[in-house]
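In what follows, a structure is listed as structure tokens, so that the remarks can point back to it.
Lettered A, B, C and D in written order, each chain numbered from 1.
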Amino acid sequence: MIIMMQPGATPSEIDNVVAAAQAKGWQTHLSADSGQTIIGLQGQGQPLDSFALGQMPGVQDVTAITQKFKLASRAFQPENTTFQIGDVTVGSGRLSIIAGPCSVESREQLLETARAVKAAGATFLRGGAYKPRSSPYSFQGMGEAGLKLLAEAREATGLPIVTEVMSPSKVALVAVYADVLQIGARNMQNFDLLNAVGRAHKPVLLKRGLSATIEDLLMAAEYILAHGNKRVMLCERGIRTFDTKFARNTFDINAIPLLKELTHLPVIADPSHAIGVRRHVASVTLAAVAAGADGLIIEVHPQPDQAASDGDQSLTPPQFAGLMTQVRAMAEAVGRTV
Amino acid sequence: MIIMMQPGATPSEIDNVVAAAQAKGWQTHLSADSGQTIIGLQGQGQPLDSFALGQMPGVQDVTAITQKFKLASRAFQPENTTFQIGDVTVGSGRLSIIAGPCSVESREQLLETARAVKAAGATFLRGGAYKPRSSPYSFQGMGEAGLKLLAEAREATGLPIVTEVMSPSKVALVAVYADVLQIGARNMQNFDLLNAVGRAHKPVLLKRGLSATIEDLLMAAEYILAHGNKRVMLCERGIRTFDTKFARNTFDINAIPLLKELTHLPVIADPSHAIGVRRHVASVTLAAVAAGADGLIIEVHPQPDQAASDGDQSLTPPQFAGLMTQVRAMAEAVGRTV
Amino acid sequence: MIIMMQPGATPSEIDNVVAAAQAKGWQTHLSADSGQTIIGLQGQGQPLDSFALGQMPGVQDVTAITQKFKLASRAFQPENTTFQIGDVTVGSGRLSIIAGPCSVESREQLLETARAVKAAGATFLRGGAYKPRSSPYSFQGMGEAGLKLLAEAREATGLPIVTEVMSPSKVALVAVYADVLQIGARNMQNFDLLNAVGRAHKPVLLKRGLSATIEDLLMAAEYILAHGNKRVMLCERGIRTFDTKFARNTFDINAIPLLKELTHLPVIADPSHAIGVRRHVASVTLAAVAAGADGLIIEVHPQPDQAASDGDQSLTPPQFAGLMTQVRAMAEAVGRTV
Amino acid sequence: MIIMMQPGATPSEIDNVVAAAQAKGWQTHLSADSGQTIIGLQGQGQPLDSFALGQMPGVQDVTAITQKFKLASRAFQPENTTFQIGDVTVGSGRLSIIAGPCSVESREQLLETARAVKAAGATFLRGGAYKPRSSPYSFQGMGEAGLKLLAEAREATGLPIVTEVMSPSKVALVAVYADVLQIGARNMQNFDLLNAVGRAHKPVLLKRGLSATIEDLLMAAEYILAHGNKRVMLCERGIRTFDTKFARNTFDINAIPLLKELTHLPVIADPSHAIGVRRHVASVTLAAVAAGADGLIIEVHPQPDQAASDGDQSLTPPQFAGLMTQVRAMAEAVGRTV
């Protein structure tokens, strides 16, 4: 970190800044530039809040010289993270395709969907047993009964299961049934939950919060990594902006190349939530693959109009099969496979 | 809810919409307007997703005729919610003044601050024992040791304690020590946590999420109310917008009159987080009182430059005392007391 | 438009609403639904402000039954707008590729770039002679001298010219030299300028404002169409959101399929401004084509590091040629040509 | 400006950066900090794009050491700008109160409003003769006939006139009738218009754009100042955010203390546009005065429900008179007068 003092900073203002840094265990290094004192920090001190430093008397500017995220950074690990789930290698040249209903509603609904998405080429089954809903009066999910149906669907199809966990106390239970633990957008900064999945022995799919910056997302991943779980997938699912008239969210396509540069972790796109309108899911899906996503998570329901949640953005199985044909062509155009 | 069909909607499209509504337990009522069929819903059906309905073939527009929040609404309870904590009546003409450090750091720091804010006129002591931090490498709070210091500070000053709880499994523990359970902005849609504090026997201070709409905030309160806890305070603490160069957040002053109209729950303003810069906290505080806030929550630290968190926005005790003098004059100008 | 009165609306409140609508030339049609009066409007009245109507005493909800944009809508014209510029048909299955420097800086710079982009497959040359800059101290463009260089480059390469006009009084002058008049993002709601280009006899490239909704963009196009100019291209160039740390703007990829559904006008993507970082322009370009864009506008400069503006997001000619190879493969994957 | 090179930057990368700076007329000054080279710039070079510099190979960070706005900054002029219009001193301890209809609609409407706001204590009359409307089908203003009515209202009441100018070519005409030239939010970055009012001999009221940052606003003011017009008032009128369900805009109350610190120019608040709902205008008005605004601009209409524009946010004359009573009490509470 570099702290630039104002031209007229007094010796005692400079001393205060030096003392503040040394109090956190940093070595300080002073230099002068055109009459302005510059304080450089070195060593292994405790984290400093650059905003706070910038508010100290006499300070003009504070420049951080390292990313806040360490374990998630390309500096820490230049090569891509890849890991095996079932017979799929996440983060490899082959796209991971996660598909299934928003909510698990019944054995029939789930098994029908699982078989259909498997036949169309999906490599994971998604389905929510615990549902975060903005209204307490909306369907909250089937709970453990839903988890059991997911396990049954895995038996029937061989597809590994991706499902959401909402509470630290449920991590152990969900991990019994699931192959991948999903953290929802609204829980992206539920730090106790991040710590809990960080200690779990299952891969994690971490969804970006509605107004989380890219740095926020990487810092949330850092919580999981710092607790020992290295198998983290990041998921861009659309952010909240000023325009919500025709689409539910704004898909941040820029985030895909930016994340691929900043971090070694695989990046999954969620076109269903990103636009929220069934007839436009295909366009966003193809764009995500074109931009370099490592995988997709797509909502599919046998009768979307009857779905307990998110039916308006769910594809029917035939629509999903049609989309997979397009995805294969797109993957080939950008040197990937499905 | 009113569903307007398109001019050329076919009888079967109309039937499908009627069937979808009836399947959720609603009675339907058809009328025609200029050749367009209008379907009105009545009764006590299950919640319908108007976005999904709007996607059904033949549907032109869907208009909800009731607020999504019920128990939180003025329609449900026209008069203001008030409740007693210690000798303060929250939601009355007298402002609730919550002050103290961001984090509990030591007995000396906490007791010194508690005595100072009490002397200056605060009616509650705030202090974090569990800290949600965007980085896993930042100070995470003292935990239960911090709660014990808070209880000791209450003994010493008589001030009721406001402190954050981050996890459902910690609610029982925190409730042993705290007088008010705070839900942080990043946990505003941590629904398991909302349910847990909804079942607790302590009042709740619910902070608005960084990009939560006013409706989202009221729906989060609805979770708490629906689980039986009627003592909920809402807190506006600034939202995330496109401009973060000179302030941490954008204080949504409009939210104060809007919330006072939409809900009977008390509304607290957090000027410290709202602007994030110590020397501007006073301006935002006065504006919040002028706009009709029922209370304030303000960060105070004896040595802000040494604070483990949020020092840049914390007032010193003398600054807080000076601000309280201004707040008294402002309260008088708008017919309130301190 | 449909106006739903509250259940307890008084006869005089209903009369007031009816009178307000009739005063604007609308015929009113009353019906009752579950005890609630509904007022439907018909005919050819003047525009009504639904927000204002919604504030009238006794009104519960106002539902617009038509899009605000008329001439720009698919309802008005179901088939795609296409038009010929030089030997290119904009809006056809063949992508329009607009490339060139942000600013015209010199004959050498412009001609070198023009020849290079032509060789790589561009079908239009872009270049700014009048530059809108956020600082009055930044380079403001060469003015008419720049326009003359653009005309010379067209002579040399045959590429039609796209260039920005910033003021109504300059439209006639710019139209002498340009083949397409560009309206910049900051002028998207400069209504006098929209009117002026609406009366010009040259096609228009209308860029979306930094925080313009999709509806705002279509209403801006409506100004141009309503003044008689039917040859309008819309341009998505990234919007302003809460995250600007790693990219200049947030490219709204959703806007591409949404606009293609809502309007018959061609949709051009501007990946250079959309992300603002040279090494990521390619990813965004491919995503835009995958999502269905009808064309691209890309900044190219022979020495980006010397550019008077936007050098950081400009490609070198070899980078642009490489990108065009990728664009051709992508276009083929989605059934288009270059 | 300070440019920090990466630890492993090569001599030729350093040379390139030095050359880029020197090419713009800057003197460079090199120093080394912990093995990292730091390049400081001095002198009177041309503006540099720090984003572009940051993209050059080997560069780690670029830190600007001065504000982009010069003439508008407190560094340039520490004391408040004040100026006389009629018998009012804008920017003094006495609040400037600008009131009147959104649009001039008729002699009766305007004169009735002018007399009423004068009687209630307003010190300026506002009224639009040229109206920027998002739809070409909405009322566009009376034009010069409206300007003449405004001049007549000034004759009748003595109130100076504030009215909008939308086009550079209309500045001379509007300046004949108006005392203050208003630049609307949608034209805040219409640079040719800013230049034109910069050359006019009338004070300017510059409204912040819907998504303009505080720095953008100050840079727009800089255009006017740099063209010789020193009499500029800044106006905060609400920004565009993710929540538009219950209010039209989000009033950025933080902007008031921030602007008062950053610039010497007077800051006016526009509560009418800031919230857009008549019954909440008073709360926002009082908050703005409490936060330190130098004046107010408020929409008043004798029959808001009949207004050609913005009726929903216009106060009636009695409502305005009532609000002025509250404003006087509020001004006194914060040491100002009306």
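As a working rule, a residue touches a chain if its C-beta (ideal position, glycine included) is under 8 Å from a C-beta of that chain, and two chains touch if they have at least 3 such contacts.
Treat the numbers as computed from the prediction; the structure is a model and nothing was measured.
Annotation of subunit B and subunit C: jointly contacted by A, D, touch as defined at the top. At the far end from subunit D, in terms of centres built from Cα atoms, lies A. Mean C-alpha position of subunit A lies 26 Å from that of subunit B. Separating the centre of subunit B from that of subunit D, both taken as means of CA atoms, is a distance of 32 Å.
Taken residue by residue, subunit D touches two or more other chains at 211, 240-242, whereas all remaining positions touch fewer. Those residues of subunit A that touch subunit C in the complex are listed here as 211, 213-215, 238-239, 241-243, 245-247, 249-254, 256-258, 261-262, 274-275, 279-280, 283-284, 286-292, 329-330, 332-334.
Taken in their complex, subunit C has these residues touching subunit B: 2, 4, 29, 31, 33-34, 36, 38, 40, 42, 60-61, 63-65, 211, 240-242, 244.
Per the touch definition, subunit C reaches subunit D in the complex via residues 16, 20, 23, 46-47, 49, 51-52, 54-56, 68, 70, 132-138, 166-170, 186-187, 189-193, 210-211, 216, 219-220, 222-223, 226-227, 240, 248, 276-278, 305-307, 309-312.
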